[in-house]
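Multiple structures are listed underneath, in structure tokens.
Across the two complexes that follow, chain A remains constant while its partner is chain B and subsequently chain C.
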Partner chain A sequence: MTAWIPLLVILPLSGAFLIAIFSGMFKRIGGILTPLFMLILTCLGFMFFFRETDVLVYHIGGWELYNGIPVGIHFVVDGLSVLMVAIINLMGFLASFYSVSYIRKFTGEKYYYALFCLMVAGMNGVVLTGDLFNMFIFLEIAVISSYALVAFGIEREELEASFKYQVLGGVASLVILLGIALIYWNTGTLNIADIAIVLKENGDNKLISFVQVLLIAGFGLKAAMIPFHAWLPDAHSSAPSPISAMLSGVLIKAVGVYAIMRLFFNMFTLSYEISMLITVIGAVSMVGGVLLAVGQWDFKRLLAYHSISQMGYVVLGVGMGMVILSVGGSRDVAVLAIAGGLYHMVNHAVFKGLLFLNAGAVEYKTGTRMLREMGGLSNNMPLTSATYFSASMAISGIPPFNGFFSKLLIIIAAVQGGFYLMAILAVVVSIITLASFLKVHRYAFIGFSRFKNKKMFGEAPFGMGLPMVILAVLCLGLSLLIIPFFRDIFLSPAVNTLIHTLDYSQPILGLLP
Partner chain B sequence: MMTRGMTNIVKTTTRLICGVIFIFGIYLVSHGHLTPGGGFAGGTVMAGAFILLVLAFGDDVKHLRKTEEGSSTLENLAILLFLLMGVAGMLFGANVFFKNFLEAGTMGELFSAGVIPFLNILIGIEVAAALFTVFLAFVIFKEEEK
Partner chain C sequence: MILYILCFILFLVGLYGVITRRNVIKIVLGICIMEYSLNLLLILIGYVDEGVAPIVVRETMASKFVDPLPQAMVLTVIVIGLATTAMLLAIAIRVYKKHGTFDIREIKNLKG
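Take a look at the complex of A and B:
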């Protein structure tokens, strides 16, 4: 099964350039090739859940050790990366399928699909690679394509959002690169597993603490945690809707939160101060995001602020796990906190992706994103309305939907770990989230129509409807992850990767040629 | 009659110097595995030769747009071939992505180092075409504004 790993990067990369070359001859090639490739990638991603050994390592170029240091790049498939790969490619497939109908109103289709494939290739690379500098390269591939995709509408607003995103993203990349350079200077190796061993032997030092702060700032900017969130509401609301779903659903997770989790659990030695910093950042994002969101009247902007808030839950859960592990507290509580964080990350990808697709369908049919100008859409667009209802209940944590269970895990872990303030905040934020989504429901979907021209809007076309229905079913279906049978296949391996912090290095260095 | 481009002095100098620059770029690319430089540096120099020609002689927008299309396609083709070289490593020999599957040869000779010279050449084409495309996009944008 190891031989299939590089396909996760080769397929989307080749797709991007094939589309760019051949779309001159065949107009429709982008719309056919992208969903097809994404479907294959999704199947590949889910295949890796059923791998024979716990960790698969692929050595690119077959380089051997040099003076005991692994110099080549290698791809690592373990519990955490396979979870990320599955989310990325599933959301990529649904978003690209949705794009086929949605993107017809734009010009320059071929650039859209080529950039889409490049973005997916970059994200797959980030979550697969076991090399720190290679992670930076793939991160730049993903992020630079997203800069172009945010500006795809080339109106004034889109260009401004993209420029803001580029400037802040550039600062983040610079900070991350500086951090990586300092690590290389200090340890003399770039392999994450090898760095972990070297750092463990050298013990704590001031430079590494500085690097940790740099990396929190850099990846925090990419993940739009609260002090660094300024670019996200603009960028995610200006992009075409399937791209918003990709950006909010998976990009901020793959290049931001995933990188923080991987580096701080498996590479650095956990320290109480840094873990507490991450937890506080998560809590501040959770509260701040929802307070900023509740007053918004732009549908997509409201969703974008909720992304900050929901990612706050993820970082809070994972951060609490880090704190408990670093002070040597109960392992079971740490497992619960991390599982809650990861579970909420999967759930957030599904329901936030669906909400952005809903917003896209509404905008596609009515031409507006302002809630005050809508109303009565549940009569005209029953499918969009129903799927929106499912997603909004999931994000606000109403029982049968998936969001309830992940928030419950986080809150139980917070109470058991002694973070009573965090537990109360998590409950309060969940209630405000519900209020803000009921507001959208009230203004957009029920009541009387406030549209200027009183014509009837039809339902969104099939190509846009199907992904929304699949995601709405997933909103309910992912609740099953709480059942031990499914949890052991999908979620537990990822939690184990994080909880056994330095064991990450053992299989990777052991498997080197 | 309106003449395009710059003065005769510039045109003559460009005519003399442009070929030399281009050959220097090819030298940098082809000796990438032996000397400092390589695909990226050589590609930049090659793009410089083309950019110099367009600056000195000028061109009309229609023709420029056609050139841009061509160089954009060339760029995509080069990067796709680069990827194919990596995939070829999977198909021949050790079944590893980006495996150096050719004979390494003697160190210091022009024909050595297996696939690395070929990868350098592809990077050279890619970088030259990409930089030239970026330059043309700016020129076309400015011409259209007039």
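Take a look at the complex of A and C:
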């Protein structure tokens, strides 16, 4: 099964180049190849859930370990990577299927699909690689293609949003690179597993603390945590809707939160101060994002602010797990907190992707994103309205939808771990989220029509309806992850990777446990 | 040590430019300066006093080599920097065509 790992990067990369080369001859090649490749990748990703050994290591170019020293780059598939790969490729498949109908109104279809494949290749690379500098390269592949995709409409707003995103993203990349350079200076290696061993032997170090702050700033900018959030509402609301779904659904997770989790759990030694910093950043994003979202009248901008808030929940859950582990508290509570964070990350990909696809369908049919100009859409677009209802209930944490269970896990962990303020904040933010989504429901979907032209709008076409229905079913279906049978297959390996912080290095460096 | 500190100061000069300049092109230049300072830093990290290029020829085995890995990394960073700069300038040209100005104070449709 190890031999299949590089396909996760090779397939989308080759897709990007094939589409760019052959779209001159075959007009529709992008719309056919992209969903097909993404479907294959989704199957591959889910296949890795049923791998024989816990950790699979692929040595690129056949560069095996030399006297126990890693000389090449490794792809590592463990519980956390495989969870991320599954989300990325599933969302990629649904978004690309949706794009086939949606993107017809744009020119330059072939560039769209090529950039889409390139972005997926970058994200798959980030979550698979076991090398720090290689992670930076894949991160740049993913974000540079997303810069171009944000500007895809080439109107005033899109260009401005893309420029802001590029400047802040460029600064973030360089800060991350500075951190990587300083780590290489200090440890003399770039392999994450090897760095973890070296840092453990060297002990505490001022330079490493500085690097940790640099990396939190860099990856926090990519993940749009609150002091660094300014680019996200512009970029995510200006992009074409399937791309918004990909950006909010998976990109900020793959290049931001995943990298923070991987590096701070498995590479650095956990320290109380840094863990507390991450927890506080998560809590501030959770509260600030939702307060900024309430006053928005642009449908996609409102959703973008909610992304900040929901990613705050994820970071809060994971950060609480870090704090509990670093002070040597109860392991069970740490497991609960981290499981809540990861579970919420999976759920957020599904419901936020669905909400952006809904917003896209509304914009596609009515031509506006302003909530004050809408109204009565539930009569005209019953499918969009029903799926929107399912997603909004999931994001506000109403049982039996999936958002309820993940938020419940985080809140229980906060109470058991003694973070009473965080628990209260999580409940309050959930209520404000519900209020803000009921506002959208009230203005856009029920009531009488406020559209300027009083014609009837039809339902979105089949190609856009099917992904929305699949995601709405997943909103309910992912609640099953709380049942031990499914949890043991999908969620527990990821939690175990994070909780046994130093076990990550052993299979990669061939050490005996 | 003074060289490392100068490198870091160059990085901060770039960051200062990105933060304070109003002109789109000057912001792009600031990002470029940050990137070059990091390239210099990477090369400095790999530098060894009196080291030679790490090429092993059968007869001559030098005792000291400079570290080749940062040099490979710098090559990669230069290529990535090319892509970033090209993308930024392409957007800057489009922004100029749409708005008719390079001043970021006048490019502010999105807020709130």
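Operating definition for what follows: the second predicted complex is superposed on the first by the 505 of 513 C-alpha atoms of A that agree within 3 Å, B and C clash if a C-alpha of one lies under 4 Å from a C-alpha of the other, contacts with A are read in each partner's own complex, and residues count from 1 in each chain.
One rule holds for everything that comes next: a contact is a pair of C-beta atoms (placed from the backbone, for glycine too) under 8 Å apart; a residue touches a chain by one contact, two chains touch by 3 or more.
Bear in mind the structure is a predicted one, so any value in this text is a computation, not a measurement.
When the two complexes are overlaid on chain A, chain B and chain C sit side by side with no clash.
For the combined arrangement built by superposing the two complexes, chain A sits at the apex of an angle of 40 degrees to chain B and chain C, based on C-alpha centres and given in steps of 10.
Touch criterion not met for A:Asp488: it reaches neither chain B nor chain C.
In the overlay built on the shared chain, the residue A:Glu155 is in contact with chain C alone; chain B does not reach it.
In the overlay built on the shared chain, the residue A:Asp332 is in contact with neither chain B nor chain C. Touch criterion met: A:Gly24 reaches chain B, while chain C stays clear of it.
When chain A is checked against chain B and against chain C, the one touching more of its residues turns out to be C.
In the superposed model, A:Trp185 makes contact with chain C only, not with chain B. In the superposed model, A:Glu64 lies in contact with neither chain B nor chain C.
With chain A used as the common frame, chain B approaches chain C to a shortest CA-CA distance of 7 Å. The part of chain A that touches chain C in the complex is made up of residues 133, 137, 140, 144, 147-148, 151, 154-157, 159-164, 166-167, 170-171, 173-174, 177-178, 181, 184-185, 190, 233-234, 238, 295-296, 301.
The touching residues of chain C, when paired with chain A in their complex, are 11, 15, 18, 24, 27, 31, 34-35, 38, 41-42, 45, 69-70, 73, 76-77, 80, 83-84, 87-88, 91-92, 94-95, 98-99, 107-110, 112.
Those residues of chain B that touch chain A in the complex are listed here as 69, 72-73, 76-77, 79-80, 83, 86-87, 89-90, 94-100.
If you check the complex, the residues on chain A that touch chain B are 3, 6, 10, 13-14, 17-18, 20-21, 24, 58-62.
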